[in-house]
Amino acid sequence: MNTTLLLVQALNGLQFGVLLFLVAAGLTLVFGVMDFINLAHGVQYMVGAYLGAALAAMTGSFWLGLLLALPAALVFGLLLEWLVFRHLYARDHLSQVLATFGVILFLNEGVKAVFGAAPLQMPVPEALSGGVPIMEGLLYPTYRLAILAAGLLSAGLLWFLVERTRAGMLVRAGASNAPMLGALGVDVNRLFMLVFGFGAMLAGFAGVMAAPILSVEPGMGDNLLILAFVVIVIGGIGSVRGAFIAALLVGLVETIGRAMLPDLMRLMLDPSAARQTGAALASMLVYVVMAVILAVRPAGLFPVRR
Amino acid sequence: MRWRNAALPLLIFAALALAPFVGFGQGHSLTLLARAMIFGMAAISLSLLVGGAGLVSLGHAALLGVGAYAVVVLDHARVTEALVVMPVAIGVAALFALLTGAVAIRTSGVHFIMITLAFGQMAFFTASSLAIFGGDDGYTLYGRLELGGSRLLENRLFFHFACLALLAGTWLLVEALLRSRFGRVLRAARENETRARAVGFAPYPFRLAAYVIAGAIAGLAGVMLANSAEFVAPAYLTWQRSGDLLFMVILGGLAGPHGALMGALAFVLIEEWLSHLTEHWRLIFGPLLILCVFFMRDGIAGLLRRG
Amino acid sequence: MAESLLELRSLRKSFGGLAVTRDVSLSLSTGEIHALIGPNGAGKTTLVHQVSGTLRPDSGQVRFEGEDVTRLGLAARARRGLARSFQITCIIPGFSALENVALAVQARAGSSFRFFRPAGREAALNGEAMEALREVGLHGRADLPAGALSHGEKRQLELAIALAMRPRALLLDEPLAGTGPEEAERLIRILSALKPRYGILLIEHDMPAVFALADRISVLAEGRVIASGIPAEIRADAAVRAAYLGEEEG
């Protein structure tokens, strides 16, 4: 019984991990290549979820919603880049933090104004509803497995793009030594836009995928953003590989901690207090892991810059 | 230029002292002004870090929250004497700053921002987990603190002037710190760390001391915040609140504590004014923040200096 | 033989696979200027970083006044009396010239954990700082923001900062770099006046200045000391001419 529970939680953790990776990948690239702290990356995830939910409701089809939401998220990301972010590349981190914080305030309020404060629902697509037997007497939701598969597929695609294409080579070069790109005659602004749009689309994709299983509501990106930051700091800023491993680690720690700690707490506290305390401690666990890793390896697990 | 740095705050303090007698004496106005002054203290302490030491912290609200939760814990134990609660709260906040700062200040730049954020989140989740103090829902105090056994702080006017005195004291303290030998080393290390090292100053102990002092001040602000609202919730410790504090500092300008003072007052008043205007006031507030970053690089203090 | 003021013993440093400092040994005594010359890329600056404490050597020792200081950082060595100037001017542009120097005085005169008294009004600090400024001829510019000084004046200011630390040894990394002929001449005068009181390790490209100032010269090429001696010997050394002086003239 306990191993089944652990297996389910591990799957949940991995699935949360790949979602986290899709958000963190864009963040770490933008950060690594442009030295730009984008707090607003989390709202791009939220915008993706809203776009997916709204477009799916409009077209009546999850798949059409997903298909339309991706380019929409891309366009939205490019619009933000054009309006706000590109004016911040040359500024210090403090200015970047503040201005992108302003974007968060605006967009969180914006979706509230347009869609209302109540969570939006997005139905699980017909083809992926139901469950898959993964052990005797245990059905695991098909949709969650699909998220895991889609996330791993995207990670593979991203790995291919970054490691095997010319644009990816430039991105990697930029992450380890940004001034060099300009010296090589690369159109840095174009590259920045490319990375930015791509990152926004990945985050939007994560949002759409998460929409049917999480509640789509204002501010849903905020806590995920913080976790994504933890991921890129643990993984080493600018490293996609580091982000992948750290995202799975954080996803597992967070999910399994959340499931196990309340039970552990019950040994010491009464049930309701145990549930609350356990959940909070589980949320803290990730930060403890980060502090420990940074204490041992200040530049993260896979440092890119020398 | 220097007299202006002192003249502006003095003018503001005078205006705040007069406010209750010239039409801002009713409950709502005084609550608002108290809030502005308390955030003024917190923002000034943050400006010591950001403007003085070059440490961009995205976890300052946690220090405020630690002070506020010290009040809660003592209130729960029926300890409500200000002369006990305040030193304890300040001490706890300073200790929290010492422990987290000792780790955070070893890093720099982006990592410092992230690690202060992470510690802030840890404090936030801890507060959420304190089921006996209401968890997520927060905790309502039995009442305001007593001062030497009297219930003076219940008096709105007295509370107003208590906040004003603490605010002025904070301003004086930080102003003096920045001019002292200690502050000179901080400023030198911010502008050119290699130079500071080359004459023999390793910045770490100075930065850590500044972090602890800022934590103590923020803890005191937390005590006043808890007493002003007679209520404390984990929402006080969110990273968004830390972002608000940073905005106050930048809005006012980094040139000195007078900037943070003006920034905090402007922030609270703009927030109040906008929220009367529309329910979705953040739709205006967000872009306002972006525009400030784009066009008001030296903050309000910079505008006044030019004007 | 008594130990010299500053002594480098078999310093080695490499970055990745590239050896930048290969078994360098040098010594410096009080009252002498020991010049370190060599073509670009010879590893001079890397060596200065190891002597001053900015970089730690892979192996070997830095000894100062008979003590091993290899494991101490820049700040700790500065407090012991080993002052350095930088190849690229390193001052605090927002501070006045006087405050730049006063910071250095403050570093050795009492605790800097003093929180309330305005440091700008401490007569003792300002007095000594002014003294150092006068020594380099910059006392007339004391109240100007350091960022507003001319390039040559910034070099003088940096020297004043080093002097205000009351060091026993000075490490000067290309103090004449980027200065005009008049400024250079003034700096050379200042340096020779300072010589009797300090040990000066001088890294410099300006050959006439080096031969005018130095008591001893060591030549660094590809991370190694290829020659060391009094100026006349260096001038006559064939290896040096081939490796370095030849290049300069040819």
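Labels A, B and C are assigned to the chains in the order they are written; within every chain, residues are numbered from 1.
FYI, contacts are C-beta pairs under 8 Å (C-beta built on N, C-alpha and C of every residue); 3 or more make two chains touch, one makes a residue touch a chain.
As the structure is a computational prediction, the values presented were derived from the model and not from experiment.
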Closest chain to global C-alpha mean, per-chain Cα centroids: B
Reference chain B; chain at largest CA-centroid distance: C
Interchain centroid distance [CA atoms averaged], chain A/chain B, Å: 31
Distance from the mean Cα position of chain C to that of chain B, given in whole angstrom: 44
Centre-to-centre distance between chain C and chain A (centres being mean Cα positions), rounded to whole Å: 50
Residue ranges of chain B touching chain A (in the complex, touch as defined): 50, 56, 58, 103, 106-107, 109-111, 113-115, 117-119, 121-122, 125-126, 128-129, 131-132, 135, 239-240, 243, 246-247, 250, 280-283, 285-290, 292-294
In the complex with chain C, residue positions of chain B that touch it: 176-177, 179-185, 187-188, 191-192, 194-202, 206, 209
Residues of chain A that touch chain B when the two form their complex: 31, 37, 39, 84, 87-88, 91, 93-95, 97-99, 101-110, 112-113, 222, 226, 229-230, 233, 237, 272-273, 276-277, 279-281, 283-284, 287-288, 290-291, 294-295, 298
Residues of chain C defined as touching chain B within the complex: 52, 54, 73-76, 78-79, 83-84, 86, 90-95, 99-100, 102-104, 106-108, 111-120, 122, 161, 165
